[in-house]
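Alright, structures below, take your time with them.
Next come two complexes, and both contain chain A; in the first it sits with chain B, in the second with chain C.
After this line comes the complex of A and B, so read on.
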């Protein structure tokens, strides 16, 4: 069509520059510096072109620049596929398209590129501020589209119209967001750069590794309990189990699950909860001990650790049931017990000697050895601290007998070591302990500084028994929180500190908002969609019923909006409406009002017209007709219509029998 | 082949779309069911872009990406409504149409009335392949859209089918409608470029007109008309009454010198269109000279007279000669 060939006006060029800026500024942290600079130059050139009304650069130059930009992106990332290179390329195209605004269709293409870049922002962050910024970009870009179609209105008017149209689009967005059948991505392989390093527990534990986590108040996961929150001392969130020891660090041996359902008896009262796990890049899923159900797409390792089939790269939510009183592994396989007894050939002679002594004293009585070990930890008056001294080669000896200062990993490692040296199978369990309930939304928030390590010992007839050696020496770590257990004066992460209550309160509120956003906006996935629709009464929602519901509801909104948009504001004069009622009743009696007939003429004709001689008419019928017509004529054609006249007319017509 | 098929399908659609037999009764109101809406090329590009954004949002599990797509899809739906509203219930009435000569541009004035208390923006009216006329209409107001069409043949030229379209506000969708208002333009024959001299009846009459126009008997005054020769203006009478109208002196001599524009007086070698063309030229020449003239056509006879009414009657007779549509 001829319209798409119209040249781009100056005003339109300014608009396009504005939306390009709005779309690309938030991306500055994501794209290479040279590209920021180059795009900035292109934007400045665009401004100059518009300001001075210079000629556009020749097309061959733009083609060269596109090639140069693409090569630049390739050299930067060694690929042009994937998230960051893709965004960088889009910025190149957008910047150069601004220098090629020849016709109206170039303007449309530029605006569409801006919408694409909004999606680009979401690839990196989806927080509430990002969403607000994106909304701003969308309003400006839509105003640009409006200006591309008609550039005469004042910019403020364009922005207002853009906002109005987007506001009208909101109900559609909401319905589609809720009801559009969701597909769990990815649809095709994701480039590796989608994921960046995240903090959390790793699959090995060496001295200092958990102490390092204790400096972070990043959130590990959030939990919503179906019933009451269990006591703090029961909140052991089982993470990677580490039976292998090389003399310095403990290590996970089972990366894949063997059970598809839990292999132990469910006894006692279960605890039900929903856990929202922040991405940590590992396979394991945290669960309250002992996990009673398995999240979808996961299995259980032989040491009762739920693992997902794929590494947790996205925020993940699953419902769980825990059996706090259950005991696992009563008939544990010999190979696992053997693994739980292995110690390096030498090292830590003092600990080994004590272990050997207990073995000689109690024989196979594991329970007695366990009691002896707990007693030893109690007697040694060990100190729980974030800053233990450096330990030598015989770490366990150093910790138990010399420095007597350590963090939870020292406690756990020493406890397992001493049990193993006495011939009792034992292993280290890493995970999180405790958590803090956010009073604003009732979620239990578990942060990285809640990371913990404890132990499990195998006792014949009872299976694996949890012992937390830290609790022996520093019970407040378990009963209240880690800040209470650490000696005063040690550096704690901000949120773990007890002071600054109002800041904490503020942070709690912000966190509740973020959590709501994560749960209901970002975490609205196929599962949550099904749950929501099921709770709304849609039985077994599938894509068919969702599409049907979506069409019906969108159709309803469309109708409402159409009625509102096409509403006819020409209201019928109430006097005319009353007159029409009157003439309609007269028409039933065989005398129809002709549209060109004056009301008084009609009254004359009607008053003298009595087709049905047999029928009896009200005695004052002719008078009433004349009166009604007179009133109506005065209201319609007379000067300054009177409200009492209108009332009278309505009353007369209501009382009239034709 | 393909093109002709396309145009035939288009023609069938238009005929179905119009439904009533043209021309239509005035005023033509573009009610809901005669306004059509389809995406423009920009709209298709927009839809395609949304598709790609949706794929990206699905692939990367971006909830906000979904929200973006759905918001923009909603915007598309809203754009349809706004565009539709911009056109629907527009009322079109035929306006004036000044007669033209063949080969000139006929200008059909259509009165567009906006009964809504909101403005209508960027409505385009056009005929087949002509350039569109773009108009805005203020709230509850009327405006005139001049539609120009080349007048090829003399006679009545009905206004061709009008397409009224708009892509406002976003340019993503196009709403359009068709109308054939009851409006005709009278097209006069094209005046001959070269024509024989005016056909005076007899030598003496012609001579006296040439030399002694001023010597004829003065017969009275009448209001000055544009076509009256300046030398016939009664300057003295004008000077007497300062603010009065210009007056023209009438001479009784004109009645004796009859100028008959006669179809039969033209050579037999001319066909009827050529004759009409020459007669038109004569008529215009005689009128601009302020002469009274009569017209004889095989079926029509106009008594000699001068002035615009005479000219209009003469030209009209020529335009409609032999068409039976008189």
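After this line comes the complex of A and C, so read on.
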């Protein structure tokens, strides 16, 4: 019977069930509930079939079930193409294939399906736990393949062998990972809805919107500085700039011009860093003020905000240079200044009155008005808090003169309002301020709770000047972090708290591991590959020459391995080779050598075989057989095999007529 | 060339114990390989006679210890007794201080007494009351045990069974041999009349010669293949230990020497396999037939010669 037609044993069936379970369990969140239920039933049926050794369901039923499953998937998604429907279909096939384990080839096909499903998991998540789980499933599935070939060894032994084989394949995998030509972008398009639930800054700011972010310790981006980390008070990560105000919320201007090159003079010392941005589903890219270079595939808006051509839906890494001392917009266009002065027709009468007073007092002296505004904020003894009271229609008045309590968006909004009412162009800048250096890997980690809003005022002759009104009232927000600035007793996100140092330490380590994974495994892009190859001495390789080199390399390794194995196989004991010739000739006469039979035992059996035909044998046949076997036994098992003995054996075998 | 002295020894024993050529040959092989022998069989099939004859024909001292459930280690090893005249303790050696010991019905004794014997077997010395005393050389233990399902037995654990190089069964003689036995002369007298064929010194030389029998790499591959198979096969609870492999090789060498060869053949390994593996491999399925020959045959047929 051919090997592929052997029936599937119970042990093999259990193995396959284990693999199928391991491969499909992680997919439960991705596939529809009815399919989870149906596949669970199929698995349970498989277990019952194996347990009680029932007959397999008839073929026509399986065909019907396959059609039903496919129709079900189509009705669910209105297509059977694409990521999720494809995976759902694979689950259908796997579950039904388990009910069709007739022969060894079905077992192999099922195991291969399991490998495919493992691959499918990576279409949904690519985190470290996913990879670990997938590695485990691959060990189990490989053990299943081993069991499909030979189910006698103990399961523990199969698992160990499978692990060993995969460990042996590891260097090859690493080589392929590092050298296989990379393509730009992911291999498969990720669906547009993937980042709908991601938190982060939006293109508008209303009271409470940033305070809400302060409750999240999700990571916004990570930064690795080329030199020392600049002081905390300089870490202003510029995000969306919001000049438009409708009386309640601040917005990004829809129509903005763009620069393809940075429009300001490079003065002072630059700061170089590499930023790894978590996907946030928006166009803007964060940069330390003021951005000196532009990431690839991006441009700079007229309010100095780098924006990507496409929304950031994948983790993105770019190197940047910042000019902290640069000043921008000395000859700002009138339309932008006009927008930065616009206020609604009425509201906030007290603030407006103060602004008008300053205007009357100082005239066009913007710097003096700025100083007056800062002085006002200082005098009002404003309190920085996560839980400001609700404001009425005149928000700025309420904040500045009544409640005097607010979060950074209140400070920024009020400051811009005051300046605009005194005739000084000003706007709100949102972004992140500060960050925390992870001592484990030295990356500066900026989290959502570092979200901040500050202001820019335009002073003639100096251009846009950054003023952070929060820093006036709560300097510790800028110098250390926001947790230090809010009054005691307010609810803080876990990681922003100062206590529980060991948990924070643990979290830091975990984050460093995740960051390493992101940087080196998921972030191993064509650029990194080119850098690596360049460091190996390959300058500017294109993917064609890389493919060629890789094929030559793999081909060479395979050829070498084959040659080595062949050489080992060819190094058969010459006595054994002669003996095999001899036994092959005996087999033709109906006396087959059993592979476990010793030479003398075989000779005894062969010499006395079929005595009734003795008349047809050569007269000295029995003697010759015994002699050949004796010679062979001495050559193979005796000490110091003799070349003359070997010659004699060969001659005897050549002369022998069975 | 077969060694004439060994042939003569075998002939002498076969003259007294009839129709048991194979077990007798195995017993001699065990002695040549410096191992100890376990015989599991019913009473009255000639176990004691075999031990006795072996000792006589090889010119060795012989002692018999009948194991009972109230036996203490001192009953085997010996004890120190206070001597009033000299005012000191004097060690009185137990029955184990001899060259051939027949430990009869070893599984009747408690584990404590059993372990006293088994330790002496392994170390070839006795430590009693803080003093170590070497046992005579050569030292050979033939232990008998009743089939373990009988009432009032303490079965030997696997670790202690492993100390016996071989386990054989004698079984009932075939009718022709039994008839000859019944018609023949008195066995006890025949044993008493036996003369030693070789001196103990010569026996130790033969033991050295056994060790020198050549085992080729191909043969060692075969022994390893057998062990590997038992380790990966679902048939047995555990595979053969390295000690079992050493035992197999040692007995196969003795078997080859008895056959007059200076190298071991796979046939030798296969011939001694039942005696070596039957008490070392425990089937996973306890109800399976544990007949030594069947176990060995299944193992042999599962492993091709390398």
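Note that the second predicted complex is superposed on the first by the 508 of 658 C-alpha atoms of A that agree within 3 Å, B and C clash if a C-alpha of one lies under 4 Å from a C-alpha of the other, contacts with A are read in each partner's own complex, and residues count from 1 in each chain.
Assume a contact is a pair of C-beta atoms (placed from the backbone, for glycine too) under 8 Å apart; a residue touches a chain by one contact, two chains touch by 3 or more.
Note that the structure is a prediction, hence the values are computed from the model and not measured.
Within the superposed three-chain model, A:598 lies in touch with chain C and out of touch with chain B [touch as defined at top]. Once the two complexes are overlaid on the shared chain, A:524 sits against chain B while remaining clear of chain C. Looking at the superposition, the partner that touches the larger set of chain A residues, chain B or chain C, turns out to be B.
Contacts of A:537 after superposition on the shared chain: neither chain B nor chain C is touched. Of the two partner chains, chain C is the only one that A:638 touches; chain B does not reach it. When the two complexes are overlaid on their common chain A, residue A:157 makes contact with chain C while staying clear of chain B. Overlaid on A, the two complexes show chain B and chain C touching no common residue of chain A. Every residue of chain C that touches chain A in the complex is listed here, in rising order: 214-216, 218-219, 232-234, 262-267, 270, 300-305.
Residues 1-4, 83, 104-105, 108-109, 112, 115-116, 118-119, 122-123, 126, 130-131, 134, 138, 142, 145-146, 148-150, 161, 165-166, 168-173, 176-177, 180, 182-188, 190, 194, 314, 521-525, 554, 558, 561-562, 565-566, 568-570 of chain A touch chain B in their complex.
Looking at the complex, you find that chain A touches chain C at residues 152-154, 157, 573, 576, 594-601, 633-634, 636-639.
Contact residues of chain B toward chain A in the complex are 40-42, 45-46, 49, 52-53, 55-68, 70-75, 77-79, 81-82, 85, 88-89, 115-117, 121-122, 131-132, 167-172.
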